[in-house]
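These notes open a run of structures that come right after.
Across the two complexes that follow, chain A remains constant while its partner is chain B and subsequently chain C.
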Partner chain A sequence: MLLAVLSGFLLAAVAPWLVPRLGAHAGRVLALLPVGLFLWFASLLPAVGGGETLLWEYAWVPGLDVQLGFLVDGLSLLFALLISGIGALVTLYAGSYLAGHRDLARFFVWLLAFMASMLGLVLSDGLIALFVFWELTSITSFLLIGFAHEDKTARQAALQGLFVTVGGGLALLAGFVLLALAAGGWSLSAVLDAGDAVREHAHYAVIAWLIFLGAFTKSAQVPFHFWLPNAMAAPTPVSAYLHSATMVKAGVYLLARFQPALGGTDLWVFTLTLVGAATLFTGALLALRSSGMKRMLAYSTVMALGTLTLLAGIGGETAAIAFVAFLLAHSLYKGALFLIAGVIDHETGCREVPEMGGFGRAMPVSFAVAVLAALSAAGVMPLFGFIAKELLFESALGLAAWQPVVLTLTLAGLVGGVAVAAVVGLRPWIGRPVTTPREPHEAPLDLLAGPALLALLGLLFGLLPGLAERGLLAAAAGAVHGQAVTPNLALWHGLNLPLAMSALTLVAGLLVAWRWDGIRKMLVGLGFVERFGAERGYDAGMLGLVRVAAWQTRLLQNGHLRYYILTTLSATALLLVYALVTRHAVIPPWSSSGVRLYEVVIGAVVLMAALVAVTTRSRLGAVASLGAAGFGVALIYVLFSAPDVGITQVLIETLTVLMLVLVLFRLPSFLGLTPGRIKLRDASISLTIGGLMSWLLLDAVAAHHQGSISRYFVENAVPAGHGQNIVNVILVDFRALDTLGEIVVLGLAAIGVYAMIKLRAEDRRRRGKEEPR
Partner chain B sequence: MRKQSVILRTAAHVLLPLLLLFSAFLLLRGHNAPGGGFIAGLVASAALALYLFSLGIASARHALGVDPRRLIGAGLVIAIGSALPAAFFGDAFFTGRWLTLDWFPSGPLKLGTPLLFDLGVYLVVIGSVMTIVLTLAEAEERPDAPSNEGD
Partner chain C sequence: MEALIALAVGVLTACSVYLVLRPRTFSVVLGLTLMTYAVNLFLFVSGRLTLHGPPLIIEGIEVHTDPLPQALVLTAIVISFGMTAFLVVLALKGYADLGNDHVDGESREREDRK
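Let's turn to the complex of A and B:
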């Protein structure tokens, strides 16, 4: 199992070496891996279809008791089969679609890495592993959207997708942490077993909302729907695979997965049904408004994702069956339609639907496949999409609250869906042939195999729904519902309300498709999307983020050392005051007993040296008196039996004076430019800091909270550390990790000084050469 | 940098090896008496800085033998390397491993990974301080070094 998930990453690692050697066969050879995975997952079908749940567990970090678990039930197996199956077809397709592309190897690396991440996502049992794979899909999706990285639009779309999905991912992580605390375990199995405890938990609403945020951003629900159509900047195989069949379904996978544990509450049902219905309607409307074929398909994917969210929200047996049926149907027909859009682009050079027409004569096979997929998308008998649509209506009719609103939005959305299917399935093929950038011709087998197989499966499952049901859908619906279900999928349910609604949407949808040009112009004319769309919100948010970043950089990183120190010290002072006051620290009573004369003398010397350092008008004098203060402090260390610290202090003082002397020559002569109020400000801050530090020290000494730790060091230095110098044993043995950190910082500081001085000098010299002054 | 007095230059020739020897002594005794990698590194850096002040940058670089930046890297590698042996014995990262040699009449010699770690600290300290000092000194000496215009 571990191998099944990781093999994609392994193959991705060698792909850059492999692809150039395979030449034109790269796609065909690499597709063997997903095919093998598909077959292996298919071999689990009998067990899982029989209602079993398989669990693999590997010790990941044994010391921390962290397990890497993989859970296979109906739902995850359905996803795994879709991912590996469509993955195989898309890999094959991409090998031909992008043949000769100079970055083909890179493309396959990301595609395979994505496939492995997605498999990990749907199979993980551990919440943290699930989250890690979730983020990996976001990252690979980012890389794939930005595949044409010279193109600014592609880069922006990639960034947009990344920000939206990763932002949601952060919410998801927070939700997972709370969920695990509420359920008392970090695995899906534990969460699903603790459903009642989670639903009654005080933080239930927070958990649900955080998980909603993660799911909505990933699955492009309103108001986060805008990133998905922009993600169409990716090559078409990616759009078909990530942005319709698999990745965007991760969000609804999560909702379906947690439905038995979190679902059924008012919050769950209201939010998901309303958001789902709103997304469904918005997607349909925006699809009709677009003209690019991929964009239309992308919005209709948004619509489908809304439908799935709606179904996950409704809950209950019928909705669970509808969910898995719709999921399967949509992956099959939408994958096929996307791939056909790629075929049209590849063979004719057309992307805009209004510019297409009459391709059917030159590309009869593509035409047939497109019609088959579009029929399933429209939900026409006897295709599988029809069954899914019937079930959707049946579930929506069973909804108790908000039924009229949800039903209206669903009906209106599905009319749009039918219209989009009709436009995409018929418009490019019939009518008068138009002139195109490339002479239309039939696509090669590699390009047609994928969409044809997907479309035919849609037909097969429609004619023989029992095949899909017995194999997997019953088990998958059971996993969504939380207990075993008997779907009894059938084409003919008799003359009932769902059938009538189905017919209504078909007729209305065809009417819309017939008058599409006019309707589209009207929708474009409204222009409300540009003004109030969610994407504007995103843009404004990003702009605001940049502004805040610039503002806080100007504030905190202004390039003046004195302000850095000022900021650091002021912040320290505030925190110290807060800590000291809230902990009711007290200044212990003054007592002069035990104070020796030489201690007073040293103290006085240090104090005087400090006073001279701040009042002198000579730089050298300031350096020397700072040194004097430092040596005084070193003396105190020596007197209080810390010779190591004392020696270090002496050496540091020496070197500091040396370095200051080196810098000193380069400073201009001393000028009394600082105005009085600045001096007053600086003096008050330094006095505050000094006073607070003294207070802290006195409080710490008086408290004696932890006297035990030093005793441990004293007792163990010789037996465990083999050394009598406790300070050094602490430095190199007991606290060696701290010391390692310190020397790394020291080295970095040295490199920083080097870079600051050397590189700046070189930079100036170069600039001086370019424009002689 | 101006030429320094003859006495200082002559003394620096003698003092450098002595001080370096002293720093090695401090490094080795550090586990049982005041000393250790950090202090030893500072002593060695101070010695080299003295040499630089009296005999100039080129001589100091020559005396050092390697680019001080390499010392930083080497020191870090040694320090991290000293933490690894523990891993092969199944102990936690940075657990000290000791080797006791009974070859000498004066008593057993104990060698351990903490000494190696201390050596790493020593090298990083010398490397860092000398990088900073040399960089500052060279910026001071070069005629086209940035002057303090405007800021």
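Let's turn to the complex of A and C:
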């Protein structure tokens, strides 16, 4: 299993080396891997179809008891088969579609990596692994949308897709963490077993909303639907694969996956049905408003994703069956239609539907495939799309709350769906031939094999629904529903309400398609879609983000060294006050070990010296008082049993004063630069910090002395270190490595000083040489 | 005595912060040096003040003060000297190359004067 998931990544790693060597056969050879995976997953069908759930577990971080688990039940197997199956066809197609492209190898690297990530996503048992694969699909999708990276729109679309999906991914991660805490386990199996505990958990609403956010962004639900049509900047095989059949379905996969654990509550049903229905309707409307073939298909994908969300929200046995049936039907027909759109682009150079017409004569096979797929998309008997649509109506009719709203939106949306299917299925092919950038001609076998196979499968499953149902869909619907279901997929359910609704949408949809040009113009005239659309919100959000970034950079990174220090110090002071106040409500007592006169004298010397150093306008005076303060501090060390420290301080102090006096006259004299206002501000901050330091010190001294490691040093200085001076033993023996670090620091400082002096001397010499000229 | 030293540490810190906030490099160097006194003294006193108890294992000394803060302070003094030396030369170099001893450079100095 591990190999099955990782093989895509492995092949992606060697693809740059492999693809140039395979030449024109690259697509065909690389497609062998997904084909093999498809066959392997198909071999699991009998077991899973029998209701089994297969689990693979590998030790990932054994020390932390973290497992890498893979779970195969009906739902994940359905997805795995779609991913590997369509993946094989798309790889084959891409080999021909992008033949001769200079970045072909790069393309395959990303495509295969994407396929592997997607497989990992739907097969992972662990929530963390699922999340990692989830983000990997976002990243590979970003790379694939931005494949034409020299094109500005492609870059923008890629970035937009990344921001939206990764933003949702963050919410998802938080949701997963809460979910795992609520369920008491990090695996899907644990979460699905702990459904009641999760639904009754105090944070259920938060968990559900965070997971919704992840799913809605990935699956392009309103109001995040805008990134998907823009993602059409990707090469067509990518659009067909990622943005119709697989990646965008990750969100609805998640919803279906957690439906048994999280679903059924009012929040779940209400949110998902309304968002789903709204997305369905919006997608249909925007599809009819567009003119580019891929864009229309993208919006109709948005519509389909809304349908799936709606079905995941409704819940129950019928909806579960409808969900898996619609998922399969949509993947088949939408994959086929996208690939056909690519064929048209490739063979005629046309992308806009209004500019197409009469290609049927030159491309009869493509025409037949397109009609077949469009019939399934429109939900016409006897194709599989029809069965899925019937089930959708049946589920929507079974909805208890908000039924009129949901039903109206669904019906209206499906009318649009039929119209879109009719437009893309008929418009390019019939009518008078038009002049095109390229002379229309039939596509090669590699380009046609994929869409033809997908469209034919749609017909096959429609005629023989039991074929798909027995092995796979029953098990998948069972996984969505949470218990075994007995679907009864059939073309003919008798004369009933769903059939009537189906017929209604069909007739109305055909009418819309007939009058499409006029309707489209009318819809385009509705400017408010652009003015108030969700994409505007995204743009405004990005602009705001940039502005905030610029504002806070100007505020915090303003280039004034003093303001940096001021900010740092103020923040430290605030934190210190907070810590001191929360720990002690009162100022600690003035603990005093008795004061002798000479101590007071030393203290006074230090105080006076410090104050003089600040206030004097004479540099020599400042340095002298600095020295006085330093020697005062040294005396304090000596007085309180620290002879070594005192000696060192005296030595260093002497050197420092000497050094400062030496450079004193090389720098310009003081100038009164700073206005009084700023001086006052600086003084108040200084006094605050100083006061806090005093308080902190008193607090530290008053605190109970915990058992220190010092005892060890005192006791072991002679036996272990053979030294009588404990401080020396600590420095050169117990903590010798720290002392080595100190020496290194000193050495670096010395090198720095030497280098600067040396450079300066050289500068002067050079200047001296230049001057005479 | 702790209170007195606490006061000294407070005043040293306040003075050093004020100096560090000055626009001239020389003041900043002075301020940083002063700050090392304050911090070292702080570290030293947090290990308690002991009279007549040097951390030496020789006849006649029964009480040993905590040697660990002393070791820390000893290291800190030496390192701060290295830092001061480096800063002094840096300030000199900056002045020699830029003709200006303002911490933020000449353009900032003009801004300050406005």
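Quick note on the criterion: the second predicted complex is superposed on the first by the 614 of 773 C-alpha atoms of A that agree within 3 Å, B and C clash if a C-alpha of one lies under 4 Å from a C-alpha of the other, contacts with A are read in each partner's own complex, and residues count from 1 in each chain.
Simple rule for what comes next: a contact is a pair of C-beta atoms (placed from the backbone, for glycine too) under 8 Å apart; a residue touches a chain by one contact, two chains touch by 3 or more.
All values reported here derive from a predicted model rather than from experimental measurement.
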First (chain B), second (chain C), both or neither touched by A:Leu740: first
Touched partner set for A:Val732, first chain B, second chain C, both or neither: first
Partner with the higher number of touched chain A residues, chain C or chain B: C
First, second, both or neither for A:Thr656, with chain B first and chain C second: second
Which superposed partner A:Asp644 touches (first chain B, second chain C, both, neither): both
Chain B versus chain C as contact partner of A:Val753, first or second or both or neither: both
Touched partner set for A:Gly690, first chain B, second chain C, both or neither: second
Which superposed partner A:Ala700 touches (first chain B, second chain C, both, neither): second
First, second, both or neither for A:Asp682, with chain B first and chain C second: second
Contacts of A:His722 with chain B and chain C, given as first, second, both or neither: first
Common interface positions of chain A, toward chain B and toward chain C: 643-644, 648, 652, 655, 659, 663, 666-668, 724-725, 727, 731, 739, 746, 749-750, 753, 757, 760
Chain C-facing residues of chain A, complex: 559-562, 565-566, 569, 590-596, 599-600, 603, 606-607, 610-611, 613-614, 619, 622-623, 626, 629-630, 633, 636-637, 639-645, 648-649, 652, 655-656, 659-660, 663-664, 666-668, 670, 673-674, 682-683, 685-687, 689-691, 693-698, 700-701, 705, 708-710, 713-714, 717-718, 724-727, 730-731, 735, 738-739, 742, 745-746, 749-750, 752-753, 756-757, 759-760, 763
Complex contact set, residues of chain B against chain A: 30-39, 42-43, 45-46, 49, 53, 68-69, 72-73, 75-76, 79-80, 83, 93-94, 96, 98, 110, 112, 114-115, 117-118, 120-121, 124-125, 127-129, 131-133, 135-137, 139-140, 142, 144-148
Chain A residues within the chain B interface of the complex: 643-644, 647-648, 651-652, 654-655, 658-659, 662-663, 665-668, 720-725, 727-729, 731-733, 736-737, 739-740, 743-744, 746-747, 749-751, 753-754, 757-758, 760-761, 764-765, 768
For the chain C and chain A complex, residues of the former touching the latter: 1-26, 29-30, 33-34, 37-38, 40-42, 44-46, 48-58, 64-68, 70-71, 73-75, 77-86, 88-93, 95-97, 101, 103-104, 108-109, 112-113
